[in-house]
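Listed after this line are the structures, all set down as structure tokens.
Each of the two complexes below includes chain A, the first together with chain B, the second together with chain C.
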Partner chain A sequence: MKKLLSVKKLKVVYDSSAGKVHALRGISFNVKKGEIFGIAGESGAGKTTICRLLMGFMEKNAGISGQVDFNGDDLLKLNYKDLYRLYGRKIGFLPQSIASLNPLLTIGTHITETLKKNLKIKKKKILKKKAIYILDALEFSDSRQVYNSFPYQLSGGMNQRALLAIAFCCFPDLVIADEPFTGLDPDVQNRLLETVRILKDKKNISMVIVTHDLKVIEKICDKTAIIYNGSFVETGETKDVIKTPLHPYTQSLIKAMPENGMIPTWGFAPGALYDDAGCSFQPRCPTGSKEKKKHIINSPASVGNNHYVWCLNVKNQESVKDLL
Partner chain B sequence: MWQYFLKRILNTIIVLFGAVTLTFFFMHFTEGDPATIIALDKYGGQLISPEVIDRLASEEGLNRSIFVQYTGWLKLICTGDFGHSLRSGIPVLDEIRLCFPYTFALALISVFITAIVATPLGIYSAAYQNRFLDRITRFIASFQVSIPNFYLAIIFIFIFSVKLKLLPSFGCDNPTHFILPVMVLAVLQTGFTIRIVRSTAIEILESEYVQFAFARGLSMNRILFVHVLKNIFIPVLTFLSLQFLMAIEGSIIIETIFAWPGIGKLFQEAVFGRDFTMIQALVLFFAAIVCAINLLVDMLYIFINRSISFIE
Partner chain C sequence: MNKIIEFKSLIYKPYFYFLLFLVLTGINPFLISGDNPYTTNLSRRLEPPSAEYLFGTDDLGRCVFSRVMHGARISIGASLSILLLSLLFGGSLGILSGYFGGWVDEFVMRITDIFMTVPTIVIALVLARSLGPGIKNVIIILSITMWTGYARMIRGLALDIKNRHYVETAKTIGLKNSYIMLRHILPAILPPILVMATLGMGRNIIMISSLSFLGLGIIEPAPDWGAMLNHGTSYIRTAPHMALFPGVFISLTVLSFNLLGDELGSAGNGRQFFMNTRNPGNPKGIR
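This part shows the complex of A and B:
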């Protein structure tokens, strides 16, 4: 499978009145065509920063280094015009909440305006037909009615589904999702995730999903990265990371899931202002916190099947190939 | 929804009743005997005997007790009879009816022009903050806020009528007479309106739905003139209705300067002539307009944005 997105050594430092905020401390990952890459971590870990960068939104106070290669273009080097051409058409965005729907426009208008701009379709009839087609694909019972509805006329779950329709209507190559489907009841969430899976399989769409909800990761992500304080601590196939977590942070996250008793991890993340060589999980780590010596990680341990762990206690089982 | 409107209409009636009562008593405790004034008006500067004044007072019912006069006046109002002007003898309602269209047209045209000019300028200022246009509109707004309307009116008359001799400054015989007073009103309104549109638009530009619109690759114009414009409509409409009311209230000064035959001028003449019935009727009329426009704007909201909540 071809690489669609390749992020290399991405670092983001925000300049703030409190000092240098290390939001991302050099992360790397690849997303292949048709693959869903999940990034999980608690709030403040840097997830939104990743999404914003992938969408080409750069804060004025952000110092950025690294590479974000999308289909041969380095997104960090593109000028505004070329970047803009990618949005909607090549790179789509699935927002978190239904506050992303304009309250005064119908669902139909949201879809048709997107189609019109990105696919250069002019005829109203064709636009409407396409919109109804995508609403049908999202299994609305009455697509025509949804087409003519304003957001306030639909239930929360239906609006979430409408967001999916809008985000996917041009079938972009890559969809970025920042905390999608959080705070929904599990039934609704499951059905939406199922729909996403079907849609992306049908059109071979790649996705990057960023979330603090391991349920979402477990259900639809092919690969997963666990992010802690701006760095990846564990990456690999989702089933490996979730079923055989090796990093103590990943293990604590899994223990904190509702079905595992919701056992919280002791302590707090040191925060993005923390600037110190060495494992930033050490103060909370069951083994590391007992030792005085700093745990400094130079390279991740590879435990096979592209499963990497950034922890000194995990022994290399394979020679680490060039990750990238 | 209907309950809400019923409540609003009831409120309006109470407000109007308060206005009637207040003006009535205020008028009677201010100086100037109305009977003498009528007499002066009728017989000019001749010597007027006290008998004449007494006769006039009893004719107009001015010598009865205040309370009797008050209830009598309330009763009449309820039947739609606002009495005759003490000065001209014409029913006050007829005079108001004759003058109001002039005032209304002035206010409406100026607010309309304000809306057309200020909305796009405000939206662009919001989209391109601190750029050229934004700086210019900020400057103009600060400039306008600090100029009183009569001063601007006099400057305009001086430039366009006296110096350039382009526009008439007096009365209302043909449409060109509208230009100067409308210009004064519109200029005074636009600067502030632009800033209101701008600040509302900035808020909306930061909303999640506009961010999502950008992320979908929509063009700047589509975002500004569909997504933003639709959502600033209600707050801007509120503000414009306020401007409209201010234009009507401000008509007293503007109409005096431009000799405009509207209710502002009528009011000014009534005050200087101590025409009590006319003043009472006009105060009530102004109050009624304020209430009516508020009610109308509320109804428009609901019409435009049916998701507005009725729970108070």
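This part shows the complex of A and C:
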């Protein structure tokens, strides 16, 4: 399969009064066409930074290095105009909350303005027909009513579906989702995830899903990366990462899931100001040594089937060829 | 339509009817006053209010009532034009500088600062001296001096809205900046602008009247309230009604506009005027 998005050695550093803030410490991943790539981690690990970077919303004082290749374009080097040409048509964005819907516009207006801009349709009748068709596809029982509703008149789940409609209505090649479907009940969440699955399979859409919810990852992601303090600690096929986690951080995340007893991990993440070389999970690691010497990890251990672990305790089972 | 403008509370407010009356007289003053405001009758000079002449007559025997009624057209028309011009100019500069920020913001705001350092009335007086009196010049002069306040305020409002999540999402859809400004930012900041504009109407009427009173605005024989007040001061001992009625109308109009602005502002920052206040809460049980 063709690579659609490839991120190489992406680093983001801010200058602040407290010192250098390392938001991302060199992450690399590839997303193939029609694949869902999930990134999971705790708050402050750099998940949202990845999203904002892919959407071109970085602050001006951020020092960004690395490469983000999308279909042959380097997103980091594109100027404002070219980047905006990609938005909507090629890259879609699925935001986190219903604050992303304008309270003064109806759901229908939100969808039609997206269609109008990206598909260059002028006629209002056709726009409305298309929008209602899309709402129908998202299993709204009364699409016409939803079309004329304001966001505050709908429930949280319905608004999330409306956001899905906006993100997917032009069938972009890649959809970036920043913590989608958080704060919804499991039933609605399941249904939305199923809808995403179907949409993605039908139109061969790739996705990058950033979340702290391992259930979302488990349900729809093909590949998963676990991020800790700005760097990946484990990547691989979702079933490998979730079922046979090798990195102690991934193991502790899985232990902290509700159905596994919600056992918290000892200690806190060192934060983005931490700038020693070496494993940043070492102080919290149950198996790691407590000596002051830092464990420097130059390359991840490969345990087969594209499963990589950034841990010294994991034995390398095959030679690391090309990363990912 | 969901966009119900809730003016219900205004039905019980007397100032609303006063403003309605002024607007109607402004549209056609002859509906209410039959007399020509320019016709002089020297045999009936300086008459006190009577059944024939409700507000009496002035030094040239003209009907003060019909002059006041015709003055509504000049005062409200001129202050509305000033409002629209200054709001259009100041508002578009404000929204641009708030939305784009950076050097655009710096540039526009420094120009605004320069205008704001000199008192409005001083700029207006200097300009009025050089341009000369007349209704057109009054509109030009006051538009030039009044836009700064709107630019400042609208910039602040736009700054707030541009960092909302939905504006960011609109960018990710790939919408143009101009479209985002008109469709996403402007409607959100419209209610406070409406309040500001209503309060601005009262201020404009006072400014026009002040200029006319000083002899630099609208001059005789045009029936402007400020000019009539100015003219009436010479006869304040013999015929106080000449100054009284235009003065009362200025005060009442300004008061009414200010009360209307307060009413619009107190109604939840005016947001309800653009949205249905009651949440129907999924009436049909759609899922």
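By definition in this document, the second predicted complex is superposed on the first by the 318 of 324 C-alpha atoms of A that agree within 3 Å, B and C clash if a C-alpha of one lies under 4 Å from a C-alpha of the other, contacts with A are read in each partner's own complex, and residues count from 1 in each chain.
Going forward, contacts are C-beta pairs under 8 Å (C-beta built on N, C-alpha and C of every residue); 3 or more make two chains touch, one makes a residue touch a chain.
The structure presented is a predicted model; accordingly, all values stated were derived computationally and were not measured.
Asker: On chain A, do chain B and chain C fit together or clash when superposed?
Answerer: clash
Asker: Looking at the overlay, what does A:34 touch: chain B (first), chain C (second), both, or neither?
Answerer: Neither: A:34 stays clear of chain B and chain C.
Asker: Classify the contacts of A:146 with the two partner chains as first (chain B alone), second (chain C alone), both, or neither.
Answerer: Second partner only.
Asker: Just checking: does A:84 make contact with chain B only, chain C only, both, or neither of them? Give me first, second, both or neither.
Answerer: In the superposed model, A:84 contacts both chain B and chain C.
Asker: Is A:156 contacted by the first partner chain B, the second partner chain C, both or neither?
Answerer: In the superposition, A:156 touches no partner, neither chain B nor chain C.
Asker: In the superposed arrangement, which partner chain does A:270 touch: chain B (first), chain C (second), both, or neither?
Answerer: After superposing on A, A:270 lies clear of both chain B and chain C.
Asker: Looking at the overlay, does A:26 come into contact with chain B only (first), chain C only (second), both, or neither?
Answerer: After superposition on chain A, A:26 lies in contact with neither partner.
Asker: Have a look at where A:283 lands relative to chain B and chain C in the superposition and call it first, second, both or neither.
Answerer: A:283 contacts neither chain B nor chain C.
Asker: Is it chain B or chain C that touches the larger share of residues in chain A?
Answerer: After superposition, C is the partner touching more of chain A.
Asker: Identify which of the listed stretches of chain B (6-14, 24-32, 276-284 or 294-302) has C-alpha atoms clashing with chain C after the superposition.
Answerer: Comparing the options 6-14, 24-32, 276-284 or 294-302, the clashing one for chain B against chain C is 294-302.
Asker: Between chain B and chain C, which residues of chain A are contacted by each of them?
Answerer: Looking at chain A, the two contact sets intersect at 55, 84-89, 92-93, 95, 97, 99-105, 113-114, 117-118, 150, 152, 166.
Asker: Where on chain A is chain B touching in the complex?
Answerer: By the definition above, chain A touches chain B via 55, 84-89, 92-93, 95, 97, 99-105, 113-114, 117-118, 150, 152, 166.
Asker: Going by the contact rule at the top, pick out the chain A residues touching chain C in the complex.
Answerer: My answer: residues 55, 57, 84-89, 91-93, 95, 97, 99-106, 113-114, 117-118, 140-142, 145-146, 148, 150, 152-155, 157-158, 166.
Asker: Help me check something: in the complex, which residues belonging to chain B touch chain A?
Answerer: So the residues of chain B in touch with chain A come to 207-219, 222, 226-227, 230-231, 305-307.
Asker: Can you list the residues on chain C that touch chain A in the complex?
Answerer: 2, 164-166, 168-176, 179, 183-184, 187-188, 274-275, 279-282, 284, 286-287
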